[in-house]
């Protein structure tokens, strides 16, 4: 098998990239993509680690459920995005800030 | 260098590059496509990490599911205004700052971390049956809850998206 | 396939401990289907939900004895013990109160059946969360809570509510992504997802790696986010302002207390009886001080009651965390007391805010002169706010007294200066909080203003409020009623 | 009956308040009379107490019922009791409270805005004050202490003058700040103190009596006197003492924590300022000697000089401020700050004379300040103008009133024959003597404090000269016909007080017999225990 | 104590007399206060009557006590932690003498007042305060411990305040009263400190306790000097004498009683009473102070225009005389002078009063306006007021210390004791001795200038006035007092002061030098001549007129205090609240921006704490921009901060 750290580096990269995307993109859909990316990063970790603790499929199972959750989030997220778009006629997060101090 | 290791590093690079590309790209549509590439690469990595089932799910759900939905979403949100798909970046410095700092932090500590050695014997759970039994025994509860989660999510999404403020 | 069968056996036995959750689940399905069939039978929906919650509540109360001995369910996914049972009772009570609040405005609430289904699923998630012993379970149940919350936030279908749910969604997903990453790392470093299992503890004892610290910190962020504790708080004011009043009341109790519940379990696991190399007490102290500061000080500026209460709830989660900073059973007991009192008081205040909202008072200025025409509501909300401030003769005072005693005690044991600072700072925050808690009564009683029409004193709200006020006072004069019960909870990890 | 007198004293107002809740607000006079009746009842309850009080034997009329008893598992038990009683310190103050509340009620007769609320709050306040003077359980004391805040807040904020919001909130936040200090100390104390009467398991008690005995501190607890736990420069016990001291000093009020007082007084309606000056300020001093000094004797000894210094500063600073204030009520307010300084000085001296003098001062200041504020009220009721500069030569138009003013002013100046003199002379003797019995104060404190007397003479006589003497004329468009002499009700209010201060000035023995044993015991206990604790920490 | 003494002291007659003598003045006070307005005429009879009775009783008591063992009786006032605070009576020769003196003069003044104050609207208050004053004065005299003395000391001050300010609608009177009280208060603080020292070191206030101590810097020195501050305040010693001239704003009989005869003498009396307490060191200070006062008073008296002011300054200087001789260790001489001075000075004041009175009456008939007290307007009243003239001359001679008058004898006693005190070797005490002579010289000067200016020469403003002699009620007391200024009163031999009085005060231990008598007699004659020659020359000196500007200094000090008051008031507003403020301006600004609510609550309240609080608030809330991505950024950022911080 391959050195575990290589998986982890990739995971870290994906996570950070996802974070950056979430913060900088001026489009809600892109933010969504960023979130997916972050979730995937952890998936990589889980699967990779499962190789070390092969006695039980915990890691993979977890990854499986993460994917399911990701689906739900994506679905709900899109619904919300569309609703926001209906109300504000924009998908730029910064312009959706009526609620603030 | 064996084929498998070549594949592995190829997938790694693809995933990494596409991830970074996703950060840089200013077009929603291309962004979505890059993400597909990234996810496929990750699926490849899963395969090489002896998790074919996860890999398959990844490909099906993401590539087949989420991405379609997302692209559909893109269409929906851009069609109405007819704006170009190009988007700007905001808060770049802050975003990059935290992104980099996280990556540096994590990778630096990952590099010094010692992990227990993998047991060389080929894992036994490799076949689908283990997962199958797992789902109905040890992981029955999470599985059921996930089901409820999906249900709630779909109902919710339906209500949210379908409800038109004008009507009520 | 022998072990398969007896695993199924195990599941069967576990189900006997799982009745309330099953009730709730079936309730969800029931309501959804009912919603599809009968669109506008609001009272029916309300009643059903009410009954469901009370069923689950009563089950816990009557089978209390069965929870005293901890039991591992679903091959270690969950554990049913009296700690979680107590919290579950709080959740169900909160659910009931929310239903009552909603009942007052159900006519104005579209998609009522789905709305109730979502409430049920949130409570279900909370139940699972406080029971779960397994990171996977934790993740899924938190997601169950979160996703339902995202949706229910948008349930007044206004411009703002859409924005609120969007913010909630984005922030929440990122937070859970953090948590998930943390979990994955913890899994990698300990090799197990069950954080109560001995191997988890053993790995903890031998690992001193920074990576593990970062991972667990990221995991904690997920919990802090659920509790809306600083620095994971920014979503809450916007969400609170967007969501319908009952939902806010619900949010400020159920996810918060679920969060503190799992936080307690997890930090106690991490702390391994003080043998951990990392100073988790410090982290908790910092977070609570931060929450108190952010909550109390930002609230000073607010002009709208909803937003004000949002910040107050941030501060309150700070106080809840104060309770567990001691990382000692007694502190947790006091935290449980605080949680119960907080639930009561919170619903007291919110129900009256809703009442006043229906009279058209949605900004602090608009409360001017309400004390004249709406004497009892104003008096009751005053009692509630005093309790939130933590002044005698309300249970709020007792609760604060208890949790800060816990801090002093643990300072006495550990001699960490940060605890002393927490004590002084936390209590001085009470003075600050007075600034804004007093604002509503201040307007109501002291300012003259165009006052709303007089209404009948014997309204439902007053009855409801009176009961809650009575409870709050009784718990001050005889906290033993509750503490005696709480003290029986033997808190084992 | 005998042993429930205090409870009756305490609960009657509460019950009355409860009853009054259900009377329709329209029947205004009902509330007035209810309150009056309650006050008279309290007087009736008080008489047997005074009659059968044995000065020699400390705490009496003790009533001790279990209130909160919690099992805290690993910690042992938590015990708070309904524990009340009176001794040489609290009895005079209770007597004072009852009579002052009566007078306040009578002077509230003229209140006509939202009468129901007003009198209910007054009743609650009444109970709270009596309670805090009789409570011997720290939690109970704290309950009553806090309970005073809200009624007072609303009384000032709703029935107050033009700047009432400012004044009320300022009052509330200052006092709350103080009570938070006290709360911190209280938490520490009850965790560190156990009840020796219960053998077997550890019982954390709130009883002040137990706290006042060093042996009851759990060994190695933070506040354990036998092994000092250092926090920064001082021991934890010294910190706790300082917390209590400042908590109560805000209430007292002590310079520089006093700025809430003038505002509160100026804005509050007359009866409320009477209560505020005559009773609420006393609770600060009361708490100081009831809790802070006996519980932390060694801190009291080591910080005594500081307390005394603060007292002297308050005396002089208050006097100077009074001299320069243009508003009659403000002047009186500052004069009370100056007079409460004597209380601090006397307590700090840790001599029997000093302590007795301070208690006597609290009592006499209670009477005198009530009189002073009533006088300010008399003028304000007539003209709604309190500016000293706007009046001149009132004595020609209001001779009787001027006599009352003379009496109150000279009483407050400490002229022999008035109660203030006895108090101040004892405080001075004590403060000067302190050093010679290894007390904390240096002679110079007393000597400097005497300037307070000169200042007192200056501002009062100056006020007399400006307002009452000289040719009669009014400024600030006050209608001259609005000036008329005392009404019957005002006589009824002022005369008893005048007689009181004269009586206690000429024949102090009865009051001193009550105070003396307490003062002697406290002074000796604090000084000796304090010394012994500081010698072998 | 012999048997018959004991019997006497226990006899009910004695006790009744004593109690009557002491309490009747109080009775008059109560009567006057309680009696209703429309019966106020009663008081004009009741008060003198009561005083008369009390005088008679006092006379009897004094006669019985005279030259016997002192009568001592003491009751418990209150007991505190083992100490007993007593009030009691100590009657020895000294107090007996004073008892008689005070009651007598008080009676005379009361009697006089019935004429002088006739028709005054506040006559009730007047007689009430006279009675109260007499009572408290008697209290000082008979008290057997210093605390009691202090009590009555203050009460005397109070009644003096009330009487000076009797015509309180006159701003000058009100002001004078205030200043008198405050300056006395300053002295009394010294007294109080003395009491504290006494208490701390002996644990009692008894006058009979506490023998003198040998060493100089003992607590007795300090205590005695502190008490001397009180004396300086009451009997107008340097530098606290300035209130006495102002006090002349009060009615003249009051000046006669309080500010000439009795109250101001109380200081001297106290000095004599607690003489044992004084160490040599403190005695020297006393002597010097007295000498200084005597000089200042005498010189100032030269330059005054106002009759009463002249008399006031002369009183100051005479008091200085007495204090000086007490300092010289001869209290008996001081008391002798006190005794004589009480009579003739009271007489002088009453005479001046009668002049003023009759001139006022005259003014009322013919509506002319001029200051009747200004001697520059007066002159040649000899024919118009023959009786007053004679009385004035008689008592004036006594004041000047002419032979065959009491004044001569008492002065003689003083000079003699001073001579004895100064010793034979040359030292600073000679200065004191010499200045005593100078003072007596100046005394003659101003006395006769006064007489000449009022009564001789040609009339000035009073020419066309039809002046009448004052009524009997006023003449009688003057006559009595004038009689009392003849030498017979104190001793048979006009050149030997050692009469019944002095003899028994000193138990016969005194020295008498004929030399001094002759010298002083001659000295007086010279002075008389000088006075006659210089009578027309007006002395114009602002310095003297204002009593060496000591008053200015005091007023300046008072101003300083007021300044301090303003200062602290500022400190309150600006600093103490301002410490809580971040700054007043910021407060205002925020207030204007955020509307009245914040002005009322948040800014206002605990003014700037809230400024600070709001500061923090606005900081914590500044992250709430409403931009979700920034939320995420801040959160992630804080998490990183957490990680890094906890790792470091």
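Labels A, B, C, D and E are assigned to the chains in the order they are written; within every chain, residues are numbered from 1.
What we mean here is this: contacts are C-beta pairs under 8 Å (C-beta built on N, C-alpha and C of every residue); 3 or more make two chains touch, one makes a residue touch a chain.
Fair warning: this is a prediction, and the values are worked out from it, not measured in the lab.
Taking B-E and A-B together, the chain pair joined by more C-beta contacts is A-B.
In whole angstrom, the spacing between the mean C-alpha positions of subunit D and subunit E is 37.
With centres set at the average Cα position, the gap from subunit B to subunit D is 70 Å. Separation between the centroids of subunit A and subunit D, computed from CA atoms only, is 64 Å.
Rounded to a whole number, the gap between the C-alpha centres of subunit C and subunit D is 43 angstrom. Across the assembly, subunit E contributes residues 601, 605, 621, 624, 626, 628-629, 632-633, 636, 643 that each touch 2 or more other chains.
In subunit C, the residues that touch at least two other chains are 136, 140, 143, 147, 150-151, 154, 158-159, 165-167, 170, 174, 188, 191, 210, 214, 237-238, 298, 301, 435, 442. Of all residues in subunit D, those that touch two or more other chains are 165, 169, 173. The set of touching chain pairs reads A-B, A-C, A-E, B-C, B-E, C-D, C-E, D-E, using the touch definition from the header.
In the complex of the two chains, the subunit A residues touching subunit B come out as 1-2, 4-10, 12-21, 23-30, 32-34, 36-37, 40, 43-44, 47-48, 50-52, 54, 56-57, 60-61, 63-65, 67-76, 78-83, 85-87, 89-92, 94.
Contacts from subunit A toward subunit C in the complex involve residues 4, 8, 11, 15, 18-19, 22, 28, 31, 35, 38-39, 41-43, 45-46, 48-49, 52-53, 58-59, 61-62, 65-66, 69, 72-73, 76-77, 79-81, 83-84, 86-88, 93, 96-101. For subunit D in complex with subunit E, the residues that touch the partner chain are 165-166, 169-170, 173-174, 255-256, 258-259, 262, 317, 320-325, 352-353, 356, 393, 395-396, 410, 415-417, 421, 425-426, 428-429, 432-433, 436, 443, 446-447, 450-451, 453-455, 457-458, 461-462, 464-465, 468-472, 508-509, 512, 516, 519-520, 523. Subunit E contributes residues 77-83, 147, 150-152, 154-155, 158, 161, 165, 168-171, 173-175, 177-178, 181-182, 185-186, 188-189, 192-193, 195-197, 199-201, 558, 561-562, 564-569, 572, 576-577, 600-601, 604-607, 609 to its touches with subunit D in the complex.
Contacts from subunit D toward subunit C in the complex involve residues 67-75, 142-143, 146-147, 149-150, 154, 157-158, 164-165, 168-169, 172-173, 176-177, 180, 183-184, 187-188, 190-191, 221-222, 231.
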